[in-house]
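Consider the two complexes below, in which chain A is the common component and chain B and chain C are the respective partners.
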Partner chain A sequence: MLRHRAKLVGQINALLMFLPYLVLLVMFAIVPIVMAFQVSIGPSRLSPEGGIGNYMFVFQDFRFLSAVGNVALFLVIYLPAMLIVVAGLSLLLDTIKMKYTLPLRLAYLVPAGISGSVAILVWYFMLEPTYSPFAGIFAEFGITEGVEIFNTSNLVYIFALMAFFTGAGNWIVIQYGSLQSIPDEILEAARMDGANVFQMAFLIKLPLIRKYLVYMLILVFAAGLQIFVEPYLISSSVYPGLAKDWSLNQLSYTLAFLGSNLGAAMALSMVMLLVSVVVALIIIYRTDFFDEARLKVKDKK
Partner chain B sequence: MSTHSTDQKQISKVSPKTSTLVRARGYSAKAAAWLVMILFAVFSIIPMLWLVLAPSKTQVELQRDAPLSFGSFQGYRNAWENLNVFQDGRIVDWIINSIWYTGVQVLVACAVAILAGYALAATRLPFRKTMLIVTLVAMIVPQVAFVLPLFVEISALGLYNTAWAIILPGSFYPFGVFLSYIYFSSTIPAELYDAARIDGSGDWGIFFRVALPLAGGLIGMLAFFSFQVNWINFFLPFVVVSSGDVLTLPVGLGILFSSTPALSPQVGANALPIRAPEIALAGMIVAIPILIVFLASARLLVRGVLAGSVKS
Partner chain C sequence: MNRKLIGALVMSGALLLSACAGATTTAEDSAGGGEEATGPRTLLIYVDPVREAAALAYQASVEGEIDVTIEVLGQEEIIAKVALANQTGEGWPDVTFNPSNNVGVFQDPLNGYALNLDDYVDPAIIDGYNGSGDWCVIDGSYWCLKNDLAQTVLWYDTVIFDELGLTVPTTMDEFAATALELAGTGYVAGAIGDQGFYAGYLWPSGCPISQVLDQDTVRINPDAVECTRVFELVQPLVDAGVLDTRGSFDAGFLEDVARQQNVAMTIGPSWWGQFVIRPEDSWAIPAGRMAAAEMPSWSGETTNWSGEWGGGVWVGNSNAPNPQDVADAIVYLATDPDMRADKVTFPGYKPAFEKWAAGLSSDPYYVGDVTAAMVVQAPKIRQDERPARFDLRGQLGVLGTELQGSGDVEASTRTFMAGAAELAAGVGYTVVK
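Moving on, here comes the complex of A and B:
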């Protein structure tokens, strides 16, 4: 009887501790999804009956396919660049003795300060030959005018460059951190077996941090899918309309606030959210990232 | 062991000529490695260096002088005064808003995340597994994905165009809950909680007297990530707030892009004294706090955010 009561008190206290987070979770993740879903299947100007009309409208919109293409190409450039550079440089850093690389690691963290709207600002000046410290390099390629760089066919590379520089440095440092967690015995054993630096890096260390690299790619993919601020700001200032409705989130924004078609905007948001949730579920159930976290919960029970 | 010593014998048999060759190759590989690492470091620093130096110069100097040259300290003062011409010192509102919104977000997000993580890790919370899975999903889905759906709810609640429309959603921090769950369930040994329980501490007593005093490193990490995300957030404030006096610095910077001649020559060159040095100063004000926080937390990042938290 007494034990039963203690258990109940324990559960109530646990709930009280969890409650503030639960409220935020319900308010700012679950309710918005439910409401947005209702709007997406509710009646709208284009689909008075409701149902899947808004979804069909989005899929048939000519801007949708081109935005999908843009974002896909962006990811195809950005993800491999991240993987190669982050894996390569973190392995290099790890191969060289730690105390000498501190200034390098700090330098790699510097671009993290240049993200979001600041990234557009800075990269605009970096790529505009009139201002750029790299003007000499551009001149070598015969580029002297900003319009030669800022044009529709280059946009995807420009956005990939911005995204790459914002994130690569701190991921290098994070993956370098993962490399530090490899037990010394493993590395010592490999060294005893006569492995050289390259074999150590590619056959021993790389496979051991592989899952962290995959995890990085998945997070980077999920965030890259949502790209908005870069194309939006470029289009609303320096080069008006240059990247109009370039990304999926831009299209969703345009539908909601400029096309006053909230239903279609929410339909598009729902589709993008669904992709992210599916990716999340794959990581949780199809990879072993969170196995330990999940096992711990089972242990308790 | 025996194979090892034979290996050594074989190595010693290699002629001196080849061993020099091998060593020379080793040196050049090392030099190439350093070159790559240093080049990447240089490319990492140049944009920030430019941003910090740009406001020291005038518009003319910016276009005429070497890109990475320094103008004068007076340049920063002039740029600041010019920046203040925009909507009667609106920039000051944005700075103040950004500071207090982010401050509240970091405080609330950390407090909520620590409590929830502890509840998941060390108590008899009902539906623990479900809650953990939901948290993992919410953590992997980027926050940007929730923004447009949030707009519908924010409007319905009457929060549109208020500070709370930015602060409250920004305090929802599933990654922080996950980090603190991992911390309380692996870094702190379970025996410690049990010992406190045997000593007669209640659930809250254990949290405040055992878990919280040991959570210093965790709090640093939580504050670092929530600051980084919220200080720079663009899409959320951009969608849920419209008037200038409620906006934040990153969105304000976007407004400067489109409504001053700095980046939009079509606005009219004489309309406002806001040109490249002024907008660079505004950008610098956004970037420097993040830079400082990142450099100060470099050790946290190296200690293995992933290795520590997502360990297999």
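Moving on, here comes the complex of A and C:
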């Protein structure tokens, strides 16, 4: 009886702790998703009966495939770059433990402060040969005109560069934090077994922070899939139309607000949500992302 | 646990619903108050930063009668804001300043935002436009008033023309011949890697790009002779290096060409003088050089047509409880001679542009009276291109990007027009050749 009561109290406590998040989740995720789904199967000009018409409209849109291609290529460049560089630099930061660590961590965060519209301006000035402090270097490669850099075939690299510098610093500091969670005993034991710096990094530390890297991969994938600000800003201000409807999210925005087709925009958003969720689930179930939590519960029992 | 979770979900759902219901009621109450005209008269105006001064002048002119709220935002945001208001059924701005094509979107019955001005605007105002405001006519009614005309004229540098002994071209063939005389001199006949190619060449020639025939039909045809003659005339000029394929605001073009006073002539809209050619941070052409001439005419045309680059419109809210106030505000903002006199753009309404032109025509910065050519071109804006529901303005960016990238005039235009045709079909038009 007493045990039963204790269990009940535990459950109530758990619910209380979860409730604030649950309210937010319902208000700002579940409700919008349900509304978006309803609009996506609702009637629109070209699909008066509703149903899957809006989805078919999106799949057949002349911009859809190129946007899929752009985003896919972007992810192929951006994801590995983030994973490798973030893991590498945070391991380095953790290995070189000395008085410079703190200013170094700060230094990694600085580029992350330059994001959104500011990042566009900064990168525009850095990459535009007329203004760039690196104009001399560009000239060495025979590049003297803005259009030689800002053209459609280079966009994916420019956006990957922008997104990388905006995001990497934050993640390096976070992964550095996750490295601090590795118990000293384990590192001590490894050291006593004669592991050198590289073995420590790749055979001990990296496997131990793998879950955090998986977590990062899920979030970075979702963010990358939704790339919007960089192409939107560059084609609405600096080079009008250069990256118009370049990404899926831009296409969704265009459909909703310039094409007056909210149904199709919602359909595209639902497709992107589905892809994000499926990829996250695959990553979670193909790795042991949630296993540790279960193990700990077992231990307690 | 699960049951509790469901309970919590239901509860928060109920909370959410009641919150929404509360919000809706309040909004309806306040709107209802306006309808019965018991409360104070209010007006919400959305303008871009350039038009803020005009809106402030209007606000001051009706102080004490109408409570005017002004919101400054980017031109590209207006359609999105109205779409959101349409979705929620409340919160429409009463008066909006728009890029010219927006009226096509807002007049669409499925959007329904635009107020039909026929019953609220004095016909004398419409007459004062002398046909130059006909962009706003859809299905025989006026759905907007033109804020300004952005009719293209031929800007030219008198110093360079004197130096090379050139005469001002009156036909496009002469324009091409004059441009070719610039080959090897370092001077150019302007830049086309942006909207200028549409406004200054394709549109005046009559190339059907946004030729809306009726609510369901648009004509888009790159094979039309009005398009092909443009390709044939312009490509040799690009190949000879006398038409720059960068944009007129491109950093490189500014640095290498415009600011070096190497633009011998360029087709450009009426607002370029004060906004592009003259300012220190733009082309920075010194005083005593630039003049404006009438547009050259395309061979076979009896009229030397202009196109338009810009030329915004004022649109009112059909859902407003006080449509007469909305229309009065639009009339003031678009036509008030005193208020318009010191604004940079060319007003379409005759009494307003006469007062406006008086200031500019005697400006010693220009050689001669630049307003003369603008006045001649005002009623000659070719009306084949019409406001459409699809986003032509965005698609024009594709034209600029293609031209900058390839320098192939015909291929770039065809890519741009193919995209326009897809966009048109995507909003329900039947596209005909």
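Criterion: the second predicted complex is superposed on the first by the 248 of 301 C-alpha atoms of A that agree within 3 Å, B and C clash if a C-alpha of one lies under 4 Å from a C-alpha of the other, contacts with A are read in each partner's own complex, and residues count from 1 in each chain.
We take it that contacts are C-beta pairs under 8 Å (C-beta built on N, C-alpha and C of every residue); 3 or more make two chains touch, one makes a residue touch a chain.
The shown structure was predicted, so the numbers you read here are calculated from the model rather than taken from an experiment.
Using the contact criterion defined above for the overlaid structures, shared-chain residue A:Gly53 touches neither chain B nor chain C, since it reaches no partner.
Contact with chain C, but none with chain B, is seen for A:Asp61 once the two complexes are overlaid on the shared chain. Set against each other, chain B and chain C touch different numbers of residues in chain A, with B touching more.
Once chain A of one complex is fitted onto chain A of the other, the partner contacts of A:Leu258 are limited to chain C, with no touch recorded for chain B.
By the touch criterion defined above, A:Ser236 reaches both chain B and chain C. Once chain A of one complex is fitted onto chain A of the other, the partner contacts of A:Lys244 are limited to chain C, with no touch recorded for chain B. Of the two partner chains, chain B and chain C are each touched by A:Gln11.
Legend: residue contacts after superposition of the two complexes on their common chain; A:Tyr131 is shown touching both chain B and chain C.
In the superposition on chain A, contact of A:Met272 is made with chain B only, not with chain C. When the shared chain is aligned, chain C comes close enough to touch A:Gly146, but chain B does not.
Counting contacts as defined above, chain A residues 11, 14-15, 22, 27, 31, 130-131, 236, 240, 256, 262 meet chain B in one complex and chain C in the other. Of all the residues in chain B, the ones that touch chain A in their complex are 4, 7, 29-30, 33-34, 36-38, 40-48, 50-51, 54, 62-63, 67-68, 111-113, 115-116, 118-121, 123-126, 128-129, 131-142, 144-146, 148-153, 156, 168-169, 171-174, 177-178, 181-182, 185-186, 202-204, 207, 228, 232-235, 239, 250-251, 253-254, 257-258, 263-264, 266, 276, 279-280, 283, 286-288, 290-291, 294-295, 298, 301-308, 310-312. Across the complex, chain A meets chain B through its residues 7, 9-11, 13-15, 17-18, 20-22, 24-25, 27-29, 31-33, 35-36, 39, 85, 88-89, 92-93, 95-96, 101, 103-118, 120-126, 130-135, 165, 169-170, 173-178, 180-181, 192, 194, 197, 211-212, 215, 218-219, 222-223, 225-226, 228-229, 232-233, 236-238, 240, 249, 252-253, 256, 262, 265-266, 269-270, 272-273, 276-277, 279-281, 283-284, 288-294, 296-298, 300-301.
On chain A, the positions that touch chain C within their shared complex are 11, 14-15, 19, 22-23, 26-27, 31, 45-46, 57, 61-63, 128-131, 144-147, 151-152, 235-236, 239-242, 244, 254, 256-262.
Every residue of chain C that touches chain A in the complex is listed here, in rising order: 1, 4-5, 8-9, 12-13, 15-16, 76, 79-80, 83, 87, 105, 108, 110-111, 193-195, 246-247, 250-252, 254-255, 389-391, 394-401, 404-405, 419, 422-423, 426-428.
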